[in-house]
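Here come two complexes built around chain A, the first alongside chain B, the second alongside chain C.
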Partner chain A sequence: MALAQTKVTATQARLDAMSLPKIGWSSGARADAQTRVAAMGLPVRRDEYWKYTRPDELTSPNVKSAKASVQDNASIFGSLGCLSIVFEDGVFNAEKSDKLEGTDISLELLSEVNDLDIHWALSLYGALETKGQTPVDRPLAALNTAYAREGLLMHVKGTVAKPISLVYLQNSDNDDVMLHHVIKLDKGASATILESGPAGARCNIVMETEIEDGASLNHVRAQGRNHERRAATHLFARLNQESQFKSFTLTMNGALTRNEAFVEICGDDSVAHIAGASVGNGEFHHDDTVFIKHDALRGESRQVFKKVLRNGATGVFQGKILVKPGAQKTDGYQISQSLLLDDDSQFLAKPELEIYADDVVCSHGSTSGAIDEEAIFYLNTRGIPKLEATNLLTLAFLAEALSEVEDEDIAEVMERRLEDWLTRRL
Partner chain B sequence: MLKIRNLKVSLEEEEKQILKGVDLTVEAGKVHAIMGPNGSGKSTLSYVLSGRDGYEVTDGSATLLDKDLLDMEPEERAASGLFLAFQYPVEIPGVGNMTFLRTAVNGQRKARGEEEMSAADFLKEVRAKAKILKIDADMLKRPVNVGFSGGEKKRNEILQMAMLEPKMCILDETDSGLDVDAMKLVAQGVNALRDEGRAFLVITHYQRLLDHIKPDVVHIMADGRIVKTGGPELALEVENNGYADILSEVM
Partner chain C sequence: MSAIKDIDVKEGVDQETVDAVREVGGEYKYGWNTEIEMEYAPKGVNTDIVRLISDKNEEPEWMTEWRLAAFSRWENMQEPNWAMVSYPKIDFQDQYYYARPVSMIEKPKSIHDVDPKLLATYDKLGIPLKEQMILAGVEGAEDAPTTPRKVAVDAVFDSVSVGTTFKDELKKVGVIFCSISEAIREYPELVKKYLGSVVPVSDNYYATLNSAVFSDGSFVYIPPGVRCPMELSTYFRINAENTGQFERTLIIADKGSYVSYLEGCTAPKRDVAQLHAAVVEIVLEEDAEVKYSTVQNWFPGDEDGNGGIYNFVTKRADCRGDRSKVMWTQVETGSAVTWKYPSCILRGDDTQGEFYSIAIANNHQQADTGTKMVHLGKNTKSRIVSKGISAGVAQNTYRGLVSMHPKAKSSRNYTQCDSLLIGDKCGAHTVPYIEVKNNSSRVEHEATTSKVDDEQLFYCRQRGMDEEEAVALVVNGFCKDVLQALPMEFAMEAQQLVAISLEGSVG
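What follows is the complex of A and B.
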């Protein structure tokens, strides 16, 4: 179907504002991606996949400014003994980063290897993104593949205990940041990758991860608290046999956030968990769009998303479980819930199951509700004031999502950050 | 301790008067029981005293240790020494019983300008008190009242009471839904808390709870008023003859 002329014009305007790196191992993938974007067109409100989230501010050539805040640049995972890799307004900062070295792991920067003729990431860069374009277009991810000049290329060859922490600082009020990470875990390898910070006034971050047989990747992300920032992120993961991928995202504030995940379980006996907790007040639009494809035996997937919304904040959840023919004994679970702290906030959910195998267990649920006044009164009569009681119940509501973070130290960091937010905002 | 004068209360939403002039004085160290038929206003009285929304006080007063209860938020009433053991304790998924107890104890201490209890002291005390009520470590860890049996919920109420050390305890049909053994256990917990500085108001339908928690004074409530006050023998009279005789006599 031919694209509408307005879409073609808007897409061209955006592409014209940027230039492709012309040389190096990724140039072919980039040119292909550029062609994909032109063919798909950047998203517009009328696209079904963008029904609940206005994409304009994510696609426009110009960036709406977002005042950088010192507070938002504060380190969160600092206490965990991570290997920190710092990007400031989308540019790698060597001084603030740790040395990119470790046992059983190779860490490189896209900006530093982009000019090479050949690189291990060639087989993955843009490849998982391309696969993720079916059955639904994800043009912003293709745009990122084409134009991103910075990112981490991480190859894990064994068990790496030290978490790798990507820190996204924002100092400029107007930067449009694009980062493209490629992560590969060899057979039996395991690692933890963390992301935190606002990155820029607007950011577009793609992470492609290939998880080989028996490998395991933990991903925990705390997105920037800058109220004005806008973000589009894509997580692509391919799971081979007996592998595991667990991802958790905490979002507090941000004018607009669209977090997409596309997970493909293509090896038997693999496990994928995608979870998120988000809390927003006022000008806050948060969209979790998740697609999990089961294409192997005995796969297990969980999607757990909880949102706390207040003062006209909006939460969106579009989650799908696709079970391909032959993906027997699949166990899929999906829950999305919102806690609406007033009448002005809204939660829009579109849970989907599409199942082509006959011996599977799939369940999904979606609810939105107000705070339990009975419980508040009960807590009050025990001497707990309203604000504290509300915070306690809000944390309790988020607990199921938070419990998806397996590492206790990281979970504690997340919980403290939430408590901090609740004390300040509610 | 607790002084209620001519308390008149209506439901906020429908102009229906429930309490039609309650007068009641409870002295420190005493146990008072309130009995009465369904719909007489017993539970409403406990809710109004603890500060639940949805009721409008149209007349009268209620003071705890000479402080105006009706002017305070529920949590202020609690910090001032009032405790209500709920007829139906509320389940709170996601909030651990221990976290709840500790937040409550320290919330009250903070409100009274006292030092907060340390984690170690708290743990020691809660374990000792839980043991008396046969509350095991698992019940302390689980979310508040979630999946608790009727008896466990009521024991949990008494544990809260023991930890918060209130001055005025109101027990709203604490015996409902309990078997004899559970009731004995709850009564034991209550009796252990009886002392000179503390008073109890036990709301119940049945004499049997009062076999275990011996009251000093028994009130009969009907149609929004205390209609008769007497000694423990009044409860026996109700048990033997029902409310009809007493009511026809006074009304």
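What follows is the complex of A and C.
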């Protein structure tokens, strides 16, 4: 169907305001991506895929300002002994970062290698994003492929124990940040990648991940605490045989967050878990949009999303499990739950299944409701005051999502951050 | 015979279920044609056709205007494409919008004057248009000890209602049951007040088209405090070729009234697909209760996907009065393409909406069906139970909305949808929308593999059943939640489906 004229005009205006890097190995992918954006048009509210989230503030040429604060920049993973790579307002900061080196791993910056004629990332840059454009358009990701000038290119060749931590600092109130990461894990390799920080007043972050046979990637993300920031992220992952991908995201506040994940299970016997816990207060709109495609035998996928909302906050979940013909013995699970701490908040969900194979197990569930008054009463009678009881029950509610984080140290950091949020607010 | 005969069915799927689905999706039993002289309006749709339909029904001017307004809206609308169904583009100008048996031009004064060929048609379908006590085919009803059940029938043949039974007996208690064309002439005030008040003219593409060209359908009014003394039913038969059926049903249940309404439908086998776009509106005042049951058995097309009915239907109940209650039960086995979402607007406080559905899609059938539960009043409750079964190369989608508005405090919804795939060439899909805007309401959506419940098994074993018996008993419970909701008149259909279980379902 032809695009509406208003959409064409708005998209063109945005593209005209940006300049396309024209040289180097990625220039072809960038030009293609720009064409894709023009053909799809940037999202508008009427698009079914944006039914529950207004995309205007993510697509507009003007960035709404978000006050930067030192406190928000404090890295949540600082105590874990990671290899830190710091991006400040979307620009790599060598001084604050560790040395980009390690055994069995190569770490490069997009900004530094972009002008080269050839690079290993060529086969992946924009490639997974392109595949992720079916069945629905993700124009913000294509926009990122075309115009992002910074990001990490990470090639893991063996077992890397030290987590790689991407730290996104924000110093300016009006920065519009675009980062594009490409991650490749060779056969049997394993690594952990962490992301944290607000990144900018507005950020658009894409991560493309290829996981070869028998490889395993852990991804844990703590999105910045800045109340005013707006973020659109896309995670594209392709899993080959017997590989594993586990991703967990903790979101606390932020005016607008749209986290999209597109996971393709192409190799047999692979496992993908995508989970998230989010807590929001007041002007908070959080959207998890997840698509998991099973295109191999005996794949296992889990989607676990929990949201705690209060004071008019909005939580959105759009999740889908697609089981392609022939993807027999698939085991798919999807749960989305919200806890509404008061009457002003809302939860909007679209948990979908699309199944074309008969010998599979897929289940999904979605619930929404208030905190259990009887449980509060029970705790009260045991001498636990109401506020504390509410906190306890809220943490218990989030526990299923948090348990998706396998590394105990990281899980503990997350839990402490959540406790802190609850104590400060209740 | 059915395409599911020769395929491997995965382990765990109950053989009885496969047989039952094969039976349902097998030879279409109602595919014969009645040779009868018909009168057609010219092909296509335009303002002249709209006027002509209005004219044929001897409608007052306001009704004609209402239709014309709908038609001019429709001309500027786009056909929806969001459902998970695909079919060749429909040429809306290449079909007839009005067809009636020539013998119906002069309206028969009573059922006795109706063309015997028409009566024979309904007889053959098991719907005799005589004011007899029971409907044929209800086993055991003959020797029922209590008073035999009566069912009043409005029979719609292509574009016209050929007759309504028990009208006089119903009138005695104040119940109005007649064709909608008659109601427009005889009870214009009631029609004017309620028509289009539940499904607005502009609601959706097919509803707007229906508003412009609907030819007949049924009208029901149950006065305050009256419990309708018998079941009411409408039987829709499409007979003519290349003809669309556009019927309109309006049911008004006044304060404290009760009615159970049944709907059945069949069509002959034709190679070319035919359109059926109906609108059903139900208005419930305070404390009213309506049960609406459908066994949809339109011609599903042949094994290769030729022909069949495109069933694009808008059904909605508006629980306006406090404490009113509506229950939709549907068994969907027919139609080549189904696009149907019987919905409940729970406007009054303490109102209740229920939706029970079994959708069986076989061969090339495509079904996109479900419900909308819109909670607006306080303490409103809704329950959705949907069972979808796909076989052959069919696609079956559950699509539903549960919406809790900010003012719908302390409301509840429970949704369960299960799907079963028989064979590896078909598809089963679930597309639920959940919108919760207050925190005192609880919404639960589940779509899980139905497993035999250990506790239930234990209970049965305790009472001396052997394991096999116990499993059979519990497993057979699957479709029961839906079948139980069907009135006795659908006992035949229910018996056929009773063997279905969702053991081995995919979620």
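Please note the rule applied: the second predicted complex is superposed on the first by the 426 of 426 C-alpha atoms of A that agree within 3 Å, B and C clash if a C-alpha of one lies under 4 Å from a C-alpha of the other, contacts with A are read in each partner's own complex, and residues count from 1 in each chain.
Just so we're on the same page, a contact is a pair of C-beta atoms (placed from the backbone, for glycine too) under 8 Å apart; a residue touches a chain by one contact, two chains touch by 3 or more.
Every value quoted in this text rests on a predicted model; they were computed, and no experiment measured them.
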Partner chain(s) touched by A:Pro61 [first = chain B, second = chain C, both, neither]: neither
First, second, both or neither for A:Leu395, with chain B first and chain C second: first
First, second, both or neither for A:Pro135, with chain B first and chain C second: neither
Which superposed partner A:Gly78 touches (first chain B, second chain C, both, neither): neither
Which of chain B and chain C A:Phe377 touches, first, second, both or neither: first
Residue contacts on chain A - larger count, chain B or chain C: C
Touching partner for A:Ile355 - first (chain B), second (chain C), both, neither: second
Touching partner for A:Pro385 - first (chain B), second (chain C), both, neither: first
Doubly contacted chain A residues - partners chain C and chain B: none
Interface residues, chain C side, partner chain A - complex: 9-11, 82, 84, 406, 409, 419, 421-449, 506-507
Residue ranges of chain A touching chain C (in the complex, touch as defined): 48, 323, 325-326, 328, 332, 338, 340-343, 345-370
Contacting residues of chain A [partner chain B, same complex]: 372-375, 377-386, 388, 392-393, 395-397, 399-400
Footprint of chain A on chain B - complex, ascending: 50-53, 73-75, 77-79, 83-84, 86, 89-95, 99-100, 103-105, 107-108, 111, 143, 160, 164
